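In what comes next, chain A is part of two complexes: it sits with chain B in the first one and with chain C in the second one.
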Partner chain A sequence: MSFVEGQRKPRLGVFKFASCDGCQLSVLNLEDELLLLGAALDIAYFPEASSRMEPGPYDLALVEGSITTEEDEHRIKAVREQAKVLMTIGACATAGGIQALRNWADIGSYKQCVYPRPDFIRTLATSTSIADHVKVDYELRGCPIDKDQLLRVVTDLLAGVRPRIPADSVCLECKRRGNVCVVVAKGMPCLGPVTSGGCGAICPSMGRDCYGCFGPAEGMAKGVGYPPNTASLAKQFHDRLGLIPIDVVRRFRGINGAAASFRRESEAWAVKRTNSEGS
Partner chain B sequence: MRGESPAHQPANSTRTIAIGTIARVEGEGALRVTVKQGTVHEVELRIFEPPRFFEAFLQGRHYDEVPDIVARICGICPVAYQMSAVHAIERIFGLRVDGPLRELRRLLYCGEWIESHALHVYLLHAPDFLGYESGIVMAKDHAAAVTRGLRIKKAGNALMTLLGGRSVHPVSVKVGGFSRVPSRRELEGLKDELSWARDAAIETIRWVASFSYPDFVPDYTFVALRHEDEYPFNEGRIVSSNGLAISADEFERHFEEQQVPHSTALHCRLNGASYQVGPLARVNLNRDRLSPAVMAALKDAGLSLPLRNPFQGIVARSVEMLYALEEALRLIDRYEPPPAPALPVTVRAGVGMACTEAPRGILYHRYRIDGNGLIREAKIVPPTSQNQGRIEEDLRLFLPRVLNEADEAIALSCEKVIRCYDPCISCATHFLKLELQRDL
Partner chain C sequence: MSVEGCRVLPSADCHLLLDALQAKGYCVIGPTLRDEAVVWDTITRVSDLPIGWRDRQEPGRYRLERTGTGEIFGVVHGPQSLKPFAFAPRESLLQIERTSNGWSIHPLFPKPEKIALLGARPCDVAGLAIQDQIFLRGPYRDPPYASRRENLFVIVVNCTRALSTCFCSSMKTGPRAQTGFDLALTELDDVLLIEAGSEAGKAILTALPMSPASEALLAKASKRIDACAESQTRLQEQEVLPQALYDAHDHQRWDEVASRCLACTNCTMVCPTCFCHTVEDRPALDGQHGERTRLWDSCFTHEHGYIHGKNIRPTIKDRYRMWLTHKFAAWHDQFGMSGCVGCGRCITWCPVGIDVREEVAALLASDGHSAARRSGSP
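Then we have the complex of A and B:
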């Protein structure tokens, strides 16, 4: 794939929607490579880092954040029209982020909870991923993204190579680091078996359970493109680790709670919770 | 994204200059200025950052999930959110985290101050003084300075990564302590780079002291934490330059959040008036807590405290960068690993408040927790919503000096005033396109 025609530097645009800025900061955290990236790319639009704000088109658009307002529903379409390659960065952009917890709540009561004048606040009832609104070419998962993974993908694009972004589970990275399994040894409800790696198994390496920052892994049993076996893991949490249904719901309903397979699992356990309360 | 030229509009109409997103700040918002008969009529910071409702969805979550959730309010200062949260919750549980665990928390906070201050000083703020659009472009002419800044930043990030697993949204902070604590050997591995960064921070103070600052000294009320014998990170009383001295428990009796139609951020006022938090407030209110080496570096650069010019926020940030590096080295030298990475926790129902010093100023949290350890109510007051009123007043004071200039120049001046505060809009949503409206 030829990224840009001729000798021109590829034009980069970095766009923010509802988010914490942590994934954009991960770009600036490439301390050793930032100036080289600045030389290899024409940074045409990156408000967090530069006052220069050039209109499109952009060869590469990095999109952080989720869609939570009507205005942003329109803005993402405009970004897509201006972008040759659009890559979403981080859990907000790829799955709606932690703010997607509103998807299971009443937005009216949320506004009342935070703002004395809820009538001043205009927001959608849901927080949704960028792919729910426009075609996305590549997704970089994580909360935040792994900066080295970003660097690799951008380098691949610059070299005209199609980037490969692995979605194997955290367990593989954890074993490679030689960690003792926190589920087996400490009885922690670790989401590692169903969560995509890319972080380097940070949490188990720090003595705790994975909480799903990189979203659902792709099926270990059935292969690429299939959802992970969340049902089996959830049952283990319940049967062996003693989590009650609401604990299981909360476990899957976190940073990537609105990602399809995590959402289905938490909703299934929300039903079990209701049934057990009813009986 | 700079707006249309006013030249084509008829003479009597209202003149509007719309400026896109304000650059080199964290998060997005706008500024609207109305000028009538040549005087500044209204100044409104408009925060466009979509609301994310953290205080709402924290309800019903378990207390041990809180550090992971509140970190997501801000990718630049996640440790601040984690620190205010765990201290507030530990108050409820009657838990006092002391000794090496307390010092490790202070060390982690040093890492965040170093990383956040280096980012703002070198990549976001210095380009204003030297006339560049970004730190990356500035590097073409000032390669040595920018490279130095990035290396200091990297040293801060390395400290956070060792203690927290990663620098953005660290994973090890928990109620009672940490999920894992480092060995002496691991910490000692950071010493060479931190020592290099300490010398580079002294160089930074000399460098920013050489910038030219507009003569602008508003009458500020400064607010910061003050601890009996330390420069404040996690503990201290909330004090002001007007004599306020209260505990975090009393915060809501003196400080009130207000909502204005033009913003998704709440404005926080102290007894009805605006005030300033952050590095300038901290260095001024705690100058007797800075180390002799920091004071010597300031004196060598021809500067002294207090600093009252908001543009010298970059000096205050550089001073704190040096302090945090010295403090980190001191803490590493005396570190003895604690017997366990965390203290045992006994859940108790109740209400707890805490205030810690985020890189941008005091950050207040209050939680109400039930007997099952579930959050029933959460309140979070970030530094930028506290500074917002003060930024508007600074703009009102500064604008008359530049009103005769071209619209582009006015806009740039406004942005520069705003950037002095290193505002974090993602935090405050709960910030900036500039719209200048004037009746000719």
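Then we have the complex of A and C:
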């Protein structure tokens, strides 16, 4: 067991920020392995699952959710200080999540629309990823995460090997599964070619187009990653699959819309949209 | 196709062929309609085949259309060649157990059933022969591949219609299969011409009530197959390609294609000859056992080029160049043949429709780089 000294069990903490709890539920959905997991780890802090809430330090901290309040800006720093290995889980934590759509909007008007007493709401104007605030050791993508990938990474950490988190395209998994490509056979705007695998190509396996919930495929966890070629795919969506610029914007501005390369692509098409409307 | 060997089966009696294969213990796999394409699946009766359908393929686009005829093999091909039947996309190689004094390792062997692949194309058969070169060559026989391969019985269908993406005649692999099959069919209106290419194939033929094919029918078949070859777009002469491509290493066309390529791996996944794989160890949570799995991999992934702490092909340009140059140049040095059989799958199944024929032509054209001018190219 590499990341703890001696014979004691590694201590696990699971923390929630702005999120829907779906990724934490994925942990609990590991029904067959949950007992083994409980045997291998000391679950010291996991309010979603247990009323036992022990203070740190933690050997492994799983962090769900994005940073949307000042209070959370401080809390994530405290978590980081208590965590030997910090792993973010899910699109909110890794990229700001769907709530990062506010980053392109006026937070004041959002508050007005949603709450009867907007003056009670204290929130930041943006939703940002955990890595924007503290150092992150590993990232698990997805909305929600893939529970087998989580198990795999925890197993690797326990075994003392560097976790293998592939960031190849969804297409690789899609073809290994023997799916028919929905772009080529049905003309659907699938984001699989620029999206990181890990989900097992669930959506194309069900005959629909990937909407990028695992975020941009950006090389590998260690070493320099290159952004995926979103520009070429976006052009294909527009030129050959008939998407108008606003559709292209929406395609990239979803659950991982604030992830760097998806954000750049949607912003480029938002400009095209404005230009074409203006002309 | 020899006059003596070739026999005629009315298309209406196609079920007799299925019966004969099933009687010999084969599970028959052939093209079936699924998800708006054809995919390989079990054929229990003739109506499982895509009768009365055709495919239209072009760069980045695949569409089926109904013809309403009784044509059995009207669809040329789907996304996969025969590759997955011998080289599995995912294969468990061994199991590892922790013991009191170390590890014990148990190799796993697939227990494949006997499969008759009905409706392979000549390019598919040529692709399988290339895979054989890779996995069964000399002392390096790959046991899982070998055991799957030994259980395959291949029924090729000669092509009488080429897709816009086909270029087998340039690669000399089709549209008529020369070797590497157990049975070869040619569909002509309402009859199937059949000939055997192996002893196992002959054994099936003797079980069928068939008459020898007439000269007229054979001539008709040849005419249609020749016309299919004629209809294809041609690729540059094979002989000049390797050196011309090496010379084009710094051609500006690589930048252009890299601006379009997604490094998505689709071209390599559908290619009948691509053989790259990765090996993954998966330990169990209790730390007592693990399993080693082999998975299809691609030269377009980041990890493929990651060696000793450095990525030797960090950009999409590096990867596309690696792929194309390997197929059409380095493969000759490595295996004494081309790594492309001209099936056109990489063209159709590329989400952005990159056409390797166009890329090769552009790389051989003179405008990008001084050394690219070669005999035969303008």
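Convention: the second predicted complex is superposed on the first by the 272 of 279 C-alpha atoms of A that agree within 3 Å, B and C clash if a C-alpha of one lies under 4 Å from a C-alpha of the other, contacts with A are read in each partner's own complex, and residues count from 1 in each chain.
Assume a residue touches a chain if its C-beta (ideal position, glycine included) is under 8 Å from a C-beta of that chain, and two chains touch if they have at least 3 such contacts.
Keep in mind that this is a model prediction, so the values were computed, not measured.
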item: Partner chain in contact with A:144 - chain B first, chain C second, else both or neither; value: first
item: First, second, both or neither for A:16, with chain B first and chain C second; value: first
item: A:77 touches, of chain B and chain C: first, second, both or neither?; value: neither
item: Touching partner for A:206 - first (chain B), second (chain C), both, neither; value: first
item: Partner chain in contact with A:25 - chain B first, chain C second, else both or neither; value: first
item: Which of chain B and chain C A:229 touches, first, second, both or neither; value: second
item: Contacts of A:97 with chain B and chain C, given as first, second, both or neither; value: first
item: Chain touching more of chain A, residue-wise (chain B, chain C); value: B
item: Chain B/chain C common contact set on chain A; value: 207
item: Touching residues (chain side chain C, partner chain A) in the complex; value: 34-37, 39, 60-63, 78-80, 84, 89-90, 259-266, 269-270, 280, 282-287, 295-298, 301-303, 306, 309, 311, 314-316, 348-353
item: Sites on chain A touched by chain C in the complex; value: 33, 36-37, 40, 151-152, 154-156, 158-159, 161, 164, 166-169, 171-172, 175-187, 190, 192-194, 207, 219-220, 223-226, 228-229, 231-233, 235-236, 240
item: Of chain B, residues touching chain A in the complex; value: 1-2, 20-28, 49-57, 59, 61-62, 65, 68-69, 72-76, 78, 119, 123-124, 127, 133-137, 139, 143, 146-147, 150-151, 153-154, 157, 164-169, 171-172, 174, 179-180, 257-261, 264, 266, 341, 415, 424, 426, 430
item: Residue numbers on chain A that touch chain B, as the complex places them; value: 16-26, 28-29, 31-32, 34-35, 38, 43, 46-53, 55, 68-69, 72, 97-99, 101-102, 105, 109-111, 113-117, 120-121, 123, 127, 143-144, 199, 202-203, 205-208, 211, 213, 247, 250, 254-255
